[in-house]
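Report on one structure; see the data block that follows.
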Amino acid sequence: MNIKAGVVGATGYAGAELVRLLTGHPQAELAAISSVSFTGQALSDIYPAYYHICDLVCGTQEEVVEKSDVVFAALPHGLSQELAKTCYDAGKVFIDLGADFRLENEDDYKEWYGGTYLYKELHEQAVYALPELFREQIRGKKIIANPGCYTTAVPLALAPALRKGYIAAEGIIADCKSGVTGAGRKLTQNTHYPELNEGFSAYKVAAHRHTPEMEQSLSHVAGGAPVKLTFVPHLLPVNRGILATCYAKLQKEASLQEIRQAYEEQYGDEPFIRLLPEGRVADIKNVRYSNYCDISLHMDPRTNTFIAISAIDNMVKGAAGQAIQNMNLAFGLDETCGLMLTPPAF
Amino acid sequence: MNIKAGVVGATGYAGAELVRLLTGHPQAELAAISSVSFTGQALSDIYPAYYHICDLVCGTQEEVVEKSDVVFAALPHGLSQELAKTCYDAGKVFIDLGADFRLENEDDYKEWYGGTYLYKELHEQAVYALPELFREQIRGKKIIANPGCYTTAVPLALAPALRKGYIAAEGIIADCKSGVTGAGRKLTQNTHYPELNEGFSAYKVAAHRHTPEMEQSLSHVAGGAPVKLTFVPHLLPVNRGILATCYAKLQKEASLQEIRQAYEEQYGDEPFIRLLPEGRVADIKNVRYSNYCDISLHMDPRTNTFIAISAIDNMVKGAAGQAIQNMNLAFGLDETCGLMLTPPAF
Amino acid sequence: MNIKAGVVGATGYAGAELVRLLTGHPQAELAAISSVSFTGQALSDIYPAYYHICDLVCGTQEEVVEKSDVVFAALPHGLSQELAKTCYDAGKVFIDLGADFRLENEDDYKEWYGGTYLYKELHEQAVYALPELFREQIRGKKIIANPGCYTTAVPLALAPALRKGYIAAEGIIADCKSGVTGAGRKLTQNTHYPELNEGFSAYKVAAHRHTPEMEQSLSHVAGGAPVKLTFVPHLLPVNRGILATCYAKLQKEASLQEIRQAYEEQYGDEPFIRLLPEGRVADIKNVRYSNYCDISLHMDPRTNTFIAISAIDNMVKGAAGQAIQNMNLAFGLDETCGLMLTPPAF
Amino acid sequence: MNIKAGVVGATGYAGAELVRLLTGHPQAELAAISSVSFTGQALSDIYPAYYHICDLVCGTQEEVVEKSDVVFAALPHGLSQELAKTCYDAGKVFIDLGADFRLENEDDYKEWYGGTYLYKELHEQAVYALPELFREQIRGKKIIANPGCYTTAVPLALAPALRKGYIAAEGIIADCKSGVTGAGRKLTQNTHYPELNEGFSAYKVAAHRHTPEMEQSLSHVAGGAPVKLTFVPHLLPVNRGILATCYAKLQKEASLQEIRQAYEEQYGDEPFIRLLPEGRVADIKNVRYSNYCDISLHMDPRTNTFIAISAIDNMVKGAAGQAIQNMNLAFGLDETCGLMLTPPAF
């Protein structure tokens, strides 16, 4: 099979990372790219790393849709719905790396993003595609909402413990730290090198848009029970990676070994989840440039607190890699196709 | 006044930072330094940054004690007690940057450090010297236990809210991130540049020795009520700084403004605490190379969680700067003498 | 003495660094600041590191001139001449951190900056103020052209060898590497954190505006002989520092020891130049946040090439620190006043 | 074809990078690894990035030789010759990432490495394997001397200009900057994170062992004329990459376009050399984790100096990637097999 893949918004970081991964995918071909800001320019003029590898010129969204079997959208929120409609009507698979199709409850979308759902039927067709938690619902779907980065790391860290009832659904704290690519390519003073370098800070404290998305996934995992958590993201002076340090109260007595058993059962066959042996701690270093999610489990017996730490590359498992994993699922390929990249050790 | 200051363990990071600050102190003079590993070598051979500024040669502990009015000890734990005795008997002021005199309860020391208290009377004389919380007890003291880095950042972040009863004494979570100088000068694989750079991880998860020290301070603040908290430190790929993100449950209804009022009352006149205006978030960037502790206050109304974030330079307010602040207090100088260093903006 | 100092362009990096140094200067007082972009805003809103230290509000250039004895201008080139005129007419000392008064030959200014000299008499009054090379001409001057960063590092590295005729005036190569603050506060794609981090590159290869300024200084040192050199700057992924690796052909037989003797003679009493002992190599690490210039000397006997390496902090000795050194000279203060800052060892 | 590849010295950085690349090679299989320091330990215990990807246990050199068709040696110099003999006698292909077979002249080896050639016949069989310059001599060889990192970057930057006589063979200056992985995995004070971070310095000034190796390659390129150059390496605070800024005097009149023509002729079909368009400058950022060598060409008409800048990933094109390129050549595979990795843009 040779899937023709198109990327809308190819010059943003998520788009550019899709290009990196698609150029190495044995069963997909990068057919077309588009960019509003750089129409008419070669992608390798914007990212010289791709020189002689992807010298495709940025065209229009229409060209991408026409030339592609699957359209990846890496757009600011609010801009994906019309494109989704066009793709859907044209019979293309649409994979949205933005937030427009992630929230099941339109009220949440209104509250956190300030938008409305333009095509209810599309939202009914759409699937929230975190494969390790909701795989069976993804296969064969045409509108795929690819999860956000934090919203991949946190639910994966907690799901098995929550599903088995070891931890309480309330009182969860997710203290997360993200590399700077998570802030995108747009220039801002606080991502200007001299002002970020050697600095470290939180942002959008208890006010980040990924909050309802995490709660939605965890609520499904908890069998529908409402989940409210406190989420504080921080900006790390590194390019890539999210480390999610998640704290939850034990709600039934359990040893760390018992809880670990639940993780092994749920994740034992997952190709992209590496449950770390006791004594190791997840580190963003070890998953960079790869689609892995490393998870380590810990206990604070003094306070009866369970601590799960997950590490992903925010641009891969937290964005472009997961999108390709979803493409593989949607097209019936081996889910790992093009994604078994060994993370560099340094 | 011209205080003769000596540094035992001058070639470790805390010792070297003491040297930096003492060379700029208008009422102290660096009289002598010692080092077990580098006896006979000039400090500027080990730290070329100090060339022509401090070319003192490392001597013995005995020489330091003899030549100094105040002896700073920057030693691995367990090695300070004999030195304290010597200083005390010789009538010198002894300021310990290690842990040997910090814990009031010897059992805690045994449990977390595996040592015993050799001279009970010295421990009775010793004062735990976090000036912003326990200032009055420090003046005139001869044996001064300088707090650790995390144990400065966390109690300062939470004290006013806890003292006024806004937050519960249990269920506190301190998710802390430290720059690499906190790990010291000793070579280890995980502080080897290529293995730390672009990485980020937790360590000693819920098992760090600073835990009982934090609880001791917070318990005093809470009027003696026992405090148990969950403490997870992380290692940041930056040289300096600790960011402490502290989470606590509200135990009585209160707006963020009311709680802020308690901070203003307690810290309003503190020269080294900067309570940030609403909307700003503490950042380690802004306190580097200075003795400031920046604190920002936040609320998660969805979960009734109060969040206080503090930032210090782990080597200054978290070690050498605070030690000099304590020297100033012990000798009756202006507490800020030699410490009003403007942090660089970049 | 209490000099009233004003900073025009205080929100740029050179301006902000002047503020850092002036807040610690014992005989100067920061009287007023201005900024075109941030008029009406407190400096500490732009640089939170200065909160409670310099909360001055940015006013106009006119206010700065009125309130100050000395006006520092940290402006883009072309904007200093009118301000210099105003200051000169008002009897103020004017210290320009830009390029408008650096080049003696107006043709060079036209060629490299595209501007003209508006007030010839001011340029006649102006002095090029690299104190270690041209100190006697600075004292008592009213219009002071503060050298650029590269143009401080390179001439200081080579001057003694050139002056004594050890090296040839032609064929010099200056391969320089600068920290990112040298590129200023203005946002650009190539100083956006994720695109600079872990990268390293040259820029303006053999085409940087500092070239004629270096040649001018070196020509004076060489007794007027014309000097042409090849200058290639690179951008280092660090905040501060310039390392200048300078290569020159020996033009008379000499041992490294003989040449070193020339350096000791010329620089032996200089408070801010540290000639490193044999076997050490200059490192930007050791001069950060200080006004020192470290110099190490090397020889390649296989090719008869003399190599001098200098390290400065581009924002201090390469900009704001040198400007204050010049203020001290202009006002007859001790040249080192407010500048004896110990560089941090880490 | 399925080549059985073994790595001796797998736990050093070059060895570990070989493992990363071999795990993704479609026609090779990692058959065995060895390590003196970590015998009996899984590689993924030392490099957790490889967990579940390469959990091979480190065995002995003998086991590696026995199980492999090709043996890669990533050993300190002096240790490869006996292993080469063993491999040669057993009919295995031997690819040495160290220096034992690189220098044609044993006197150079004695002078710079202090060793001797144990088996003259092996040195006669050995080929110096920089494919872009000496490809035809590599095919079918059994003892392959893989070039060093600097010695890949510098000759590739200069070869076409030198071969065509545009630049002089003497007076060349190679000012090179390397990422820290080039210094290896061994702990040293100057690669301890807090002491390297935010620093930058030269080392082994005009005294680095790669000097005679560069001169050997360039001399071949120059048709045998002796080449002496001045080589100064610097240590960059990044993990990966070498930037070589090379300066040479023009020895016949030529425009940059004419010289560029020589590069296009020589390198036009090279899969791993990217000659950058005019106006771009080579950046280590753009070749990280890939086997590319980017080259940009510049001229300083004021001094008649030609400047060529090359960028490689020191661990890939400068070590492990080139070794696999050589394996491909030795076994008659497509030279690019397993090496067409898209460098990440960030």
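Each chain carries a letter (A, B, C and D) given by its place in the written order, and its residues are counted from 1.
Rule of thumb we're sticking to: a contact is a pair of C-beta atoms (placed from the backbone, for glycine too) under 8 Å apart; a residue touches a chain by one contact, two chains touch by 3 or more.
No experiment lies behind these values; they were computed from the predicted model shown.
S.K.: Please state whether B-D or A-D has more C-beta contact pairs across its interface.
M.R.: Counting C-beta pairs in contact for B-D and A-D gives the edge to A-D.
S.K.: Of the other chains, whose C-alpha centre is the longest way from the centre of chain A?
M.R.: Relative to chain A, the chain with the farthest C-alpha centre is C.
S.K.: What's the distance between the Cα centroids of chain B and chain D, rounded to whole Å?
M.R.: So the centroids are 46 Å from each other.
S.K.: Need the CA-centroid distance for the pair chain A / chain B, whole Å please.
M.R.: That pair's centroid distance is 39 Å.
S.K.: Distance between chain A and chain D based on Cα centroids, please, to the nearest Å.
M.R.: One centre to the other, that is 36 Å.
S.K.: Residues of chain B touching 2+ other chains?
M.R.: 13, 181, 194, 196, 198, 237-240, 283, 285-286, 288, 346, in rising order.
S.K.: Mind listing the chain D positions that touch chain A in their complex?
M.R.: 13, 16-17, 19-20, 23-24, 47-54, 181, 198, 239-240, 274, 276, 280, 283, 285-289, 294, 315, 340-346
S.K.: Which residues of chain B touch chain D once you look at their complex with the stated criterion?
M.R.: Listed in rising order, the residues are 13, 179-181, 185, 187-189, 191-194, 196-198, 237-239.
S.K.: Any idea which chain B residues touch chain A in the complex?
M.R.: So the residues of chain B in touch with chain A come to 170-171, 173, 175, 177, 194-196, 198-203, 205-206, 211, 228-230, 232, 234, 236-241, 243, 245, 247, 249, 281-286, 288, 298-300, 302-303, 305, 307, 309, 311, 346.
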